[in-house]
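Quick heads-up: structures coming right below.
Two complexes are shown next, each including chain A; its partner changes from chain B in the first to chain C in the second.
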Partner chain A sequence: MKENLIRAVLLFTVLAAGLGVSAQSGSQLRFCIRADPKTLNPLLVDDEPSETVRYLTGGVLLRLNRSTQQLEPELATAWRVSRDGRSISFTLRQNVWFSDGTPFSAGDVAFTMERLMDPSLHSPTGDSFRSGEGKVITKVTGKDQITIVFPKPIAGLDTLFDQVAIMSARSPRKEMAVLGPYYLADYKAGSYLLFNRNPNYWKHDSAGRQLPYIDSVRIDIEPNRDIELLRFMRGEIDFINSLDAEDYDRLAAQAPHTAVDAEVSLDAEQMWFNEVPESPLPAYKKAWFASADFRQAISESIHRQDLARVVFRGHAQPAVSWISPANKFWFDAGLAPQTFDRKAALQTLARDGFHLQNGTLRDRDGHAVEFSVITNAGNEYRERMAAMIQQDLADIGIRLNVVTLDFPSLIARITRTFDYEACLLGFVNNDLDPDSQMSVWLSSGENHAWNPAQKVPATAWEARIDALMRTQALTLDRNRRKQAVDQVQEIVRQQEPMIYLVNQDAMAAVSARLRNVHVVVLRPQVYWNIDQLAIGNRGAR
Partner chain B sequence: MRRIRIAAILFLAVVGATCLMANLVAPDSYAHQFRDIPDATPSLHHLLGTDDLGRDRFSRLLYGTRVSLLLAPAAALLSSLLAALLGGAAGFVGGWLERCVMAVTDLFLAMPWLFLLITVRALLPLNVSPLVSVAITFALLGCLGWAAAARVVCADARALCGSNFVLLARASGASGFHLLWRHLIPNLTPILYAQFWISIPVFILTEANLGILGLGVAEPLPSWGGLLRELESFSSLSAQPWKFAPLILLIVTVSCFHIAVRKQEAWA
Partner chain C sequence: MLIVLVLGGFLGATLVRLAPGYGIDEEELDTRLSEQSVQALRQSHATEENLPRFYFGYLSKLLHGDLGVSQSLHRPVRQLLAERFPETLKSVGLGLALAWLAGLSLAIASVMSRLWIIDLATGLLASILLCVPAAVLALLFVIAQAPGRLVIGLIVFPKIFYYARNLLAASASLPHVVTARAKGLGGWRVLLWHILPVAGPQLLALAGVSISLAFAAAIPVEVLCDIPGIGQLAWQAALGRDLGLLVILTMLVTLVTLVANSGAELVAQPLRSGDA
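Showing the complex of A and B:
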């Protein structure tokens, strides 16, 4: 009896010790996303939650280092873009296996490119590779050699491969067989996604340890930002990838070491006037909005410093150009920031015949200057910015009516009916290359917000922007491209078809238990080096 | 109970009078932005602190209450009149008119109000002043909020038409206009009165809901709905309890309306 008791105690001790060991080794990273991913197919990604899944699971040939903003080799050990910019050759890494054990080869890259460029798939990632009519040809020249030929040159071709997750041509598990650091182990719609460490991940640290350090990643689907913040404060999640200014300040007051401001991001807030000739606006208003002097004066009378300080609590900076200063290479550092000067604004307006009469600004025909600005309802920052611009413009005798609309109604007005006067919106930018903004800057572009889809450029300066943007798209020399893009930035600064207001900071919350974190301004700000992240002292550098 | 009702009416009277004299009572303009002190804590100059843009919260509360308390009864009056007209006519005439009006009523009751308001609001002209925009918002509420009241009025009118005193009047040769003017309208008035009082808090809350969605009264004009948007970020509220002032005022005012309404219902 006594012997049995001792055996039982010993067994219990061994079991308890074993459980303790397994609990320590099962490190898990936890964070939240706002919604369910729309797709698990890496070729069809078009939303942020799906992009998160792709980033965690997808193996890419080249990866843009979010910190240095330079391309780095991943599954390709070397690459070369041809002189004419039409083709790219890769030398692939050897002895790499998908998460299910299927070997990786050049055939998988060819299969992925063929699937990506299949017009019937309608892949948003594939669209960025479509340079012109014709087929994309893949030439497998060896087990680890592949060349991809495009019908027309593509500017920044190699950078686009950061978005292409290689799929297996042979695995029965199809897109579930991955080359990235994690594979999807469990998914409960509306609740969570669970990723386990890819046992076949090819990367090792400098000490020869296989990456990633963290065993699993659990992503909870949590649409409410307040609840996400509360969960972070309770220690239930390890980071918040993107914080707004108020939450940042609240967190910084309570737990200063967890709040991180990575400085200005790529995102911009801007406003523009409706310059569509066929819009249902009175002729005199069309004339105001078409005048560069009028737009300049409005821009000069907006106190951007106040917008950044009051609306974004100092976590933003006045915008200078359509390219954010966070975009280290493409931003034109020579551009002078727009000054806030009411007197200069009134003088500029006077050149067009505007004059003050009893505190009201009137045009040369006596019309009181009054217009409306639309923005999307529910976005407090934009509503506050509009309210501040309203007061700024009131100081030079302009009456601004702020109208908040539900998003579908707003989009209908700015893209179909053109029944609006000015619009205040923000553009989220994920891509460093200005080529990604071709549809905004070409006068024929659908996203040429102030006057979209023009058959012929309406103004000489728009024709000049068209020429410069096409030049940069067809030029392979990065520095020559930069010169053209700089010129576009200067023209936009002079003509102000878009009045750039502020660039917000990229802010995040990071738990103290998370190691090797270096928050950056490019998405995904916190977990861009997911395979290097560690919890506690495991894998800490 | 009588004392409570008197206190409620007194409270409504005080709030109403203060808001009507907001120009005299408010320490600042509701629109002026003190940009150096956004989100300030309460002080002698700013009794309820300042909002995110540095506007005096107390002044905005006074003006916002004025907007909501003046326009909600106006919208309630409009919806009650529409209900009286449509419901009364349907109940009095009966037959195909009653069936048509009741069908339209059912349609209005079945429609999701909020989405309808959002859609209708999106179709309105953009270049209107904040004052006009608030008037439009409440006019919309009035135009869309008559259906439930119309059903009650119709049922009552139908019952009245079958009552002995109306049948006697008919048998005595009274004309349709005489029946309507002398018998129907005086007997429907208490119901309409009660419907009017019930609608006021409903419209106040609907405007508040629209304001929370950012679709209420246009900037810079304040309203209760706009002021309540500050409560969206609930995790920061424990440190700033003064932000609850508009909510407390709304709850107390709506409660007072309900206490006052109970008496009106009793009359009905």
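Showing the complex of A and C:
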């Protein structure tokens, strides 16, 4: 009797294990990206589809945990940044092989860094490491020891390695030999990418089982968001990494358990005025836009709560700073949110000699206040935001004209011809460290949107921002850097060269059959822990 | 034919080159890029500023079999065409087969039956399909999970139907056909011996035109139905302002149109001579 019972328990266990295995074996994860990856070279990644490929295939020394926002060891088991912030030493994991069986060593790290820092490559990832003139030196001090020395100190140096996928120095397969959880098995341009499980992936779960759990990943190239949603609802794909507010609400109404709102993201929507002295605008308009009071008044008269509530259906919150509250460490929590106050706006404008005349706001010289805002055509949210801002400004006697342009034309105006008055745009933020925003905040930066590439700072407050940004870039103490960045946030809040409007939520759709999913606000929101994801009917998310 | 081909490509290149915002990459706004990298990105389009120089340099490469590399997809154009052209040929072939089968059959039924109800029903069907935009038809097929390639057939069908019906009706009203009918000749014999031979040359010309129509229809259909063919490639190239790729695609479509029309003309010529 006892024997039979043990046999039955054993049989049940084997069957259950078998079922578990069968749920995993041959499992395939499916999702969509909007376009073909522009490159399969991990060093040249600059677009989201290519970033997806790099994230699935690339093995990195350190990985930023998208949930805790802390760095974690991957191919490096330990690391140390030097006191002067110019060098970083890694101790590498041993007994690791690339997907094609080539062994991984410090020589591969040196090879990758040398390729990455080649000035003729113009790698965006490599440019993040470029703090000054000079050569990057790699010192291999052992099979598993390497030190990389940079010509100048780099703020947040270790975090930058999250983006550096290590390439093999010896493999004939070049960038196709990878250290990440998957390798690219098939690619049909315009149609799909197929990734198979890397048989040599080094990571194991707590039970000693080799990761990743899912055997293959198929990514379909689907530019149409509606079709992507339709396919998700039919169960043809397992998740949608980034959902807009309208689709989120549609999905939440039909299948509430699949729609996930991970709260406010890193991305911000903002508006700025053209302050380029050489722009082809009339002098009186240049004077308006250069006035901090004018910008402040415009900011005060925009009802951000309404933008979040109406345009983003409540899936956004009024923006306070150029750093989103989702950026846990760097956001200045002490900043007061901009209040919507028409009366205060008119009083601020009066300080500059603006006055209302028959419902029209006029400047000191009698010019009616009227300007246009450009935004990219086809972005419904921006078009709706512009329409609402138009209404808000009409209430204080300002006439706003909304002009939508295709993206290249818009870029031509804001970077080359400067033939625009105001611009409404959103910047995608992938990096937590504010050092990645140097080209936006330094007055000499190409992305200093309101008045780019200045030879000397045009205003005292821009000079102050320059000094603070340089200080944070040269300081290694994280808390002292934070103090400098907080001051920049406060100056930007007072001067409003960029009028921050809203921070949209990070939203996703996730199938119930996907397990171990924890949607976060950092990209890639759903599959940041791709090697831990599993497919099966058992277990809850 | 070669002159038309070169002219077609040149016009395509000119239109794209003169579009506002040409030669500008979104990557310029990447905050990580250094000033040198931004400048390098801008310089990468400098060679295309002089359109005639770009175009003739491009043509000389083309004559050596080098189709260049797509700027937006970062892959050799030759490889992209080799992967995608068979897909479009499949879509266009299937669509044309469907369009001709349905269009010609219904046109014959309408003309030969001489029943107002059939004439009305077929005309109504063709009118509805003519009115519905290609993109809407494609979306309906996506929702219904039907094969997207068939949409090309539905787009081309009404045009074939109307032209074919008018041609057949005109042939059927010729005096010798009316006389044949009056003498009691069977419907099929009248059609095969008296109507189709007269309408044949024009129907062949229509066949040439229908190939161009099908290729044009392939663009929205492939984009919406997610078919990785030439149409989808053309759309992506246009959105990415990929001048090199667009020129090749323009020339390819021009070539297909010319070959189709010339082929139809070549076949129709002896028929016309025979009639005379």
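In this section, the second predicted complex is superposed on the first by the 512 of 541 C-alpha atoms of A that agree within 3 Å, B and C clash if a C-alpha of one lies under 4 Å from a C-alpha of the other, contacts with A are read in each partner's own complex, and residues count from 1 in each chain.
Following the convention adopted for this analysis, a residue touches a chain if its C-beta (ideal position, glycine included) is under 8 Å from a C-beta of that chain, and two chains touch if they have at least 3 such contacts.
Keep in mind it's a predicted model, so treat the numbers as computed, not measured.
J.: What does the overlay on chain A give for chain B and chain C, a clash or a fit?
T.: They fit: once the shared chain is superposed, the two partners occupy separate space.
J.: For A:494, is the partner it touches chain B (first), chain C (second), both, or none of the two (neither)?
T.: Neither: A:494 stays clear of chain B and chain C.
J.: Is A:230 touching anything from chain B or chain C once the two structures are fitted on A? First, second, both or neither.
T.: It touches chain B and chain C both.
J.: In the superposed model, does chain B or chain C contact more residues of chain A?
T.: For chain A, the partner with the higher number of touched residues is C.
J.: Determine, under the contact definition given at the top, whether A:347 touches first (chain B), second (chain C), both, or neither.
T.: Neither chain B nor chain C is touched by A:347.
J.: Look at A:409 in the shared chain and tell me whether it touches chain B only, chain C only, both, or neither; answer first, second, both or neither.
T.: both
J.: After overlaying the two complexes, what is the shortest C-alpha distance between chain B and chain C, in Å?
T.: Minimum C-alpha separation, chain B to chain C: 5 Å.
J.: Show which residues of chain A both chain B and chain C reach, each in its own complex.
T.: On chain A, the residues that contact chain B in one structure and chain C in the other are 230, 405-406, 409.
J.: Show me the residue ranges of chain B that touch chain A in the complex, using the header's touch definition.
T.: Where chain B meets chain A, its residues are 31, 33, 35, 38, 52-54, 118-119, 121-122, 126-130, 133, 213-215, 218-220, 229, 232-236.
J.: Can you check the complex and tell me which residues of chain A touch chain C?
T.: Touch residues, chain A against chain C: 35-36, 38-39, 46-47, 119, 122-125, 127-128, 130, 188-191, 220-224, 227, 230, 234, 405-412, 415-416, 427, 431, 436-440, 446-447.
J.: So in the complex, the part of chain C that touches chain A is made up of which residues?
T.: 20-22, 24, 26-38, 40-41, 72-75, 80, 83-84, 142-143, 145, 223-224, 226, 228, 232-233, 236, 241
J.: Inside the complex, what are the residues of chain A that reach chain B?
T.: Within the complex, chain A touches chain B at residues 226, 229-230, 246, 250, 306, 309-311, 370-372, 374, 377-380, 383-384, 386-388, 390-391, 399, 401-406, 409, 419-421.
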